[in-house]
Every structure is written in C-alpha cells, then in structure tokens.
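Both complexes below contain chain A, partnered by chain B and then by chain C.
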Partner chain A sequence: MTKAPTIIGKRIRLRAHVMKDMDAFWDFYQSPRASHMDVPKNRAHLWYGFAAEVGSWALSGMGGWAIETDGALVGQVAITQPPHFPETEIGWILFDGFEGLGLANEAARLALEYTWTEIHPKSLVSYIDCKNTRSIALAKRLGAVEDPTAARYDDADVVYRHPRPQ
Partner chain B sequence: MNVTFSAPQLETERLIPRAPQLDDFDVFADFYASPRAHFVGGPLSRELTWRNLALEAGHWVLKGFGRWALVEKATHQTVGIVGLWHPEGFPENELGWDLFECATGKGYATEAAKAARNHAYNILGWTTLISMIDPENTPSMRVAERLGAAYDKDFTHERFGMMQIWRHPGPQDL
Partner chain C sequence: MTPGFTKPKIPAPSHSPDIGNGGAASLPKMLTTRRLVLRPFALSDLGAYIAYYTGPRTAGVGGPKPRHVVAERFHAMAGQWALRGFGRYAIALNDVAIGHVGVLKIDDPDQHEMTWSLWDAVNEGKGYAFEAAHVVLRAWSGPNLVAQIDRDNLASIRLAERLGFVEDAGAPKPALMPNARTFRGPEALR
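After this line comes the complex of A and B, so read on.
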C-alpha cells in the first residue's frame, strides 16, 4: 500500500502522518481556529477522518501530508477527491502559533508541484468557507482564481481554481 | 517516489485475504447502503463509505495491522472484510468481521477470523483478543461462539453506543 511520499522544502518537510499526529489535530479542532470547519464530536470521530486521509494514499495515490518544521508538526496539506467532491481538491490546515510565517504557502507549493507532476488531476480546486478570509488570501497568493460557477458540495464554500502550470 | 508496504499474506481454504483497495469501493458502497450495515454504523452514503474504505487502509499504515478484504477464490469477488482493529475509542485490540450480502451462511467469517486470530497470536505475539458486537446482532454472536469466544462485559462506545465485548480464547487455549 502506498504512503505519502516525503518532500523536502526550504523550511518545511511534508511527510506521511503517524499515529501521534492525531493529538495535534484534536487540539486544533478544540480551538477557535477550527470554527470554519466541520469539527469532529469526539476522538473516535476524529480517528475516522484522520485514518481516511492516510488510507486515501493507498486507495487513490493522494491524501494528506503532515507539515513539519524543525521537527514540529505545524499543520496539514491534503490532496483528496472523495465521491462527494466534484473535483480534486487541495486543502490546508495550519495549527495555532504557526500562522503568518508563510509555512502553509510553502507546503501548498510543494504539494501543488507534486500534484501536477505525479497525480495529474483533470482539474484542481480549493473549497473554502466563504468567511475564512485567511485561507482565501492564501489561495489567491498561490495563483488560484475564484470560480463562481463551479459545482460544490457545501453552499457556504467558495471555490478557488488552481491554474495548471504552463 | 512511492512509499509502500503490504498487508501480510494470509491464506484460507476458500478465501484470499488481501489489503483493501480502490476496486472494493462498489461492493463496500452496496454493503454500507444495505440494512446489513445497520449493526456497523450504517446505512451510509457513498461519501461516508469512501471514508470507511480509506480508513481501513489508513489503519494498516498508522498501526501496522488492520483488516483484510476477502476475495472468494471461486468467484474472485470481494465478499467481506475481516481482521485486527484498534481505532480510537476501542478499549482493546479487536477481531472484527463484516460479510457482504450473498456471502453469509458459508462459514466465511469464521474461516477468515480464525486465520486473522492465528496471525495475531503467532506472528504479532498478542495474548488476548475481543470482538465488539451490537447487542442485537445475533448472527455475529453465533460466529463468536463458533470461534470459542464468550460474552465478557458491556462497553459504551462514543459513537455506536452500547456494545457487547466478547473475549476470545488466548493462544494457550487454542
């Protein structure tokens, strides 16, 4: 079965998730930073989503990476397309205390490069809650453009379309 | 670069246990949409079925053990999923079995569960195993009995509510 490949960047490293990463996700979901997201009700519920993002690699050759800097877990970037997603998505989470440093930007750029060269999706979007201004700002910095006509699974989301590299 | 590992080989008389894979999605979706899935958190939408299949694979990656999809030798169909399970919220390592429609009544759950239990005891060195069973799931209790397991106690799962814990004989009692 396939695991997430390790990708080394300037300041960060993308790596496969390990079991203890789940604690950081649990803390994140208890914090106000998770207010724009579907928050799991308990650790059993969180496990389902977390293990699925890991197992997604084995099933479909894409899934979630842990973002690590200096050995610390700072967030997650994930490429996924479960059946209810009309298109392949790139999503990101940055844990408390690590925002504003450009780490999500660097992680997303590494993931984008891998996606276009190794996964070859037909198209790539980010589904972002319309009130999540910081995430929208990052999508724009990555060169994504809002697509008001794109299909979406949640009406509260805006859809940012990532350009295919020339 | 792809990092891969494989589920250990198990073999039984009539089944080929292998790691769950994307090809299994449609039979999974049929199972989880059916009333048979009532005792295992269903019925589920295709969205949630995807998550369940993905977490079966993720369990292998994160924990180093998991459940095998069962391919029927005679038909090459995936007929169920059986194996070793310890997600967040479970009290101990579990031996679990889900058989899909048309594959029940043939002793497949017992056959595969025995192979998985032998793997747990002989290869992984485990000394005990439980099975968590919905209090109304009498067919599953019959499988547990055939495996020599006995009711131990009740357990309240955060998501599934009240479950019965059935305990299997240890390696020295088999």
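After this line comes the complex of A and C, so read on.
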C-alpha cells in the first residue's frame, strides 16, 4: 500500500491526500479551532508533518486520509504511531464549517473498520487535549473509554482506548 | 566528467504519472549506478537515519534533532514521492541504506532543491555521493535545481562543483540555513 486506499461511505469518501490539501490545513492551524493542537510554526513545518502522514502509508501501511464530502475537503482522519506515541493512534480533524454534521463520526468509523481488518495494531488509542470536549465526545460515541493509566507524551492529554471488535 | 568515473547507465525512464505537480517534474522510482541502487525508503532504513540526524554530522543542515522530528522527516521523504511524483532516494550499498539523494521540494513556492548526504563518515571519500547525485541529475526532468550548502561543509561544496553546480553569491540566505552558500544546478546535464 503506497497510498491511502479510497474508502467510500454513505456521505463521505476517504481518499489519499494531494498537495493542495495542505492549504486547508494551514488555514485550520491559523484558526481558533486548532487551539487544542500542536500548531506548526511555519508552512515548512506543516509540510513535514503533512508529507509524513502521506509517506507513512508506503512505510507502515497506515497514515492520513482526506475526508471529502460532495467533492469538498472537510478534514482528516489518520492512523499513526510516531516514535513519541506509546501506542497507535486514531486522530481526526474537522475544518471550520463542517462540525456538528456527524462527518467525523462517519470518517472515524470507516477508518476504525479498516484499521482492525487491515492494519492490526496491538492497541489503538486517541490522545486528546483534556479541554477538547467535542473531540472527547466523539471518542465516547465511537465506543472508546478513557484509560487514566495509559502512558502519554503530553500531560495535557487524556487517552481514550478504542475496543478491539469481538 | 571526473577521471575514472564510469558514466552511469541510465535506465529508460519509467516515470510514474505526476500527481499534483502538473507533470512539470519527475524522477523514476529507482535508479542504479555501477555500485549503488537508489530506491524508495523502507522502514528498516529508519534506524540508520535516526543515528545520522540525532548526531553531529547534521550540524550544517539544521540538526541534530530529536528522534520524533527525525522520524517525521524520514516519513516526509517517502510522502513527497506520493505528493509530487519525485523526491529523495535511499542510497543502497549492498542492500544497506548509507545515505539519501534526490530532489526536495517543500512548499509550492519553494525551489526544487538538490540534496545529498552520506549518513556515516565511513562511507565518505569513495565517490558514492558523486555517483548517486550524478545519476539523479541525469534522470531529472524539471525546473533548474538549487543546492544550499553550509559554508563550512567543504566536502559537499567540492562535490557540488564537480557536479557542475555554480555558486550564486547574490542569492538570499535561506531562513533555516543562515550560513548556507547557494549553488545553481547544471543545465548541461539535462
């Protein structure tokens, strides 16, 4: 798998990133919506992070997907484990104007199904800033449960553990 | 052409379709030289790259850097291929990656930058970097290349000159490398 596979959902499509997606990430990181995230200092730093989530597919068979609905880029869902993450993570971003529609929920469910059937991580968590209530609410809706004992790289994060499907 | 250097055999271009760059620039996925294979990165190369980029050899290119930053840069080298249809190769000697070479392009307004690096000093002085960079320059199809080299990195400056790069003393200093000298690539090779 050298690129993210396309996955078709009811209202959304997960697809591989293309270069022009980066502009939407840049706008997102300049907005207050990114206040709970590690914001890149400049576009070069953003590029390294963005390109790494693309290159992760070729190297590890996991990485970032663009979330698209009606041809519009609405956010990202990603499965990654950089060296400072104790466990494999599923993370999501929804760009301004697309929240509250259940799109991140659908994207995360498609990504979770792919993760458990194709990637087979030892475990799967979401690291979420403790003040990011909407993201925590989504983790709970997906069936994840807070694990207060889990190791984390940022003390401001809570860790939600996603159950392996039976 | 340097005495004793065997002109590399360039395989017929088997360029992948360009993605997101309008077909303006490309490189084949693999290249071979007399002694080396230039190939996509594999996860098994990461350990050697981390050893290099967390160590003192990277002082002239913004390093050393922490492990997770180095891992991100490694993954980004692989990702650039998918995003732009060209990028940087692992330089493999007897199946082991000893460095990287190829064209870096970060943001869309940035220049196409020719880069080369041997990750360990034991592989210096054998012509590997020249051999690898030369075959990439011959295969490159795209805009003129630029090389930014730290003013103290004399071996790399000599290599740029052997490859036909010419200094552009008036070029603005790159923000991330204030001590860099800028060299412009050899159109004659293309």
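The rule is short, and it goes like this: the second predicted complex is superposed on the first by the 165 of 166 C-alpha atoms of A that agree within 3 Å, B and C clash if a C-alpha of one lies under 4 Å from a C-alpha of the other, contacts with A are read in each partner's own complex, and residues count from 1 in each chain.
Everything that follows uses one rule, which is that a contact is a pair of C-beta atoms (placed from the backbone, for glycine too) under 8 Å apart; a residue touches a chain by one contact, two chains touch by 3 or more.
Just so it is clear, the structure is predicted and the values come from calculations on it, not from any experiment.
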Fit or clash between chain C and chain B when superposed on chain A: clash
Partner chain(s) touched by A:Pro5 [first = chain B, second = chain C, both, neither]: first
A:Ala52 touches, of chain B and chain C: first, second, both or neither? both
Touched partner set for A:Ala44, first chain B, second chain C, both or neither: both
First (chain B), second (chain C), both or neither touched by A:Pro86: neither
Comparing the two partners chain B and chain C, which touches a greater set of residues in chain A: B
First, second, both or neither for A:Ala16, with chain B first and chain C second: both
Intersection of chain A interface sets (partners chain B, chain C): 2-3, 16-19, 22, 43-44, 47-60, 82-84
Of chain A, residues touching chain C in the complex: 2-3, 16-20, 22, 43-44, 47-60, 82-84
Residue ranges of chain A touching chain B (in the complex, touch as defined): 1-6, 16-19, 22, 41-61, 63, 82-84
Complex contacts: residues of chain B adjacent to chain A: 1-7, 19-22, 25, 45-47, 49-63, 87-89, 157-159
Residues of chain C touching chain A in the complex: 19-21, 40-43, 46, 67-68, 71-84, 106-108, 110, 176
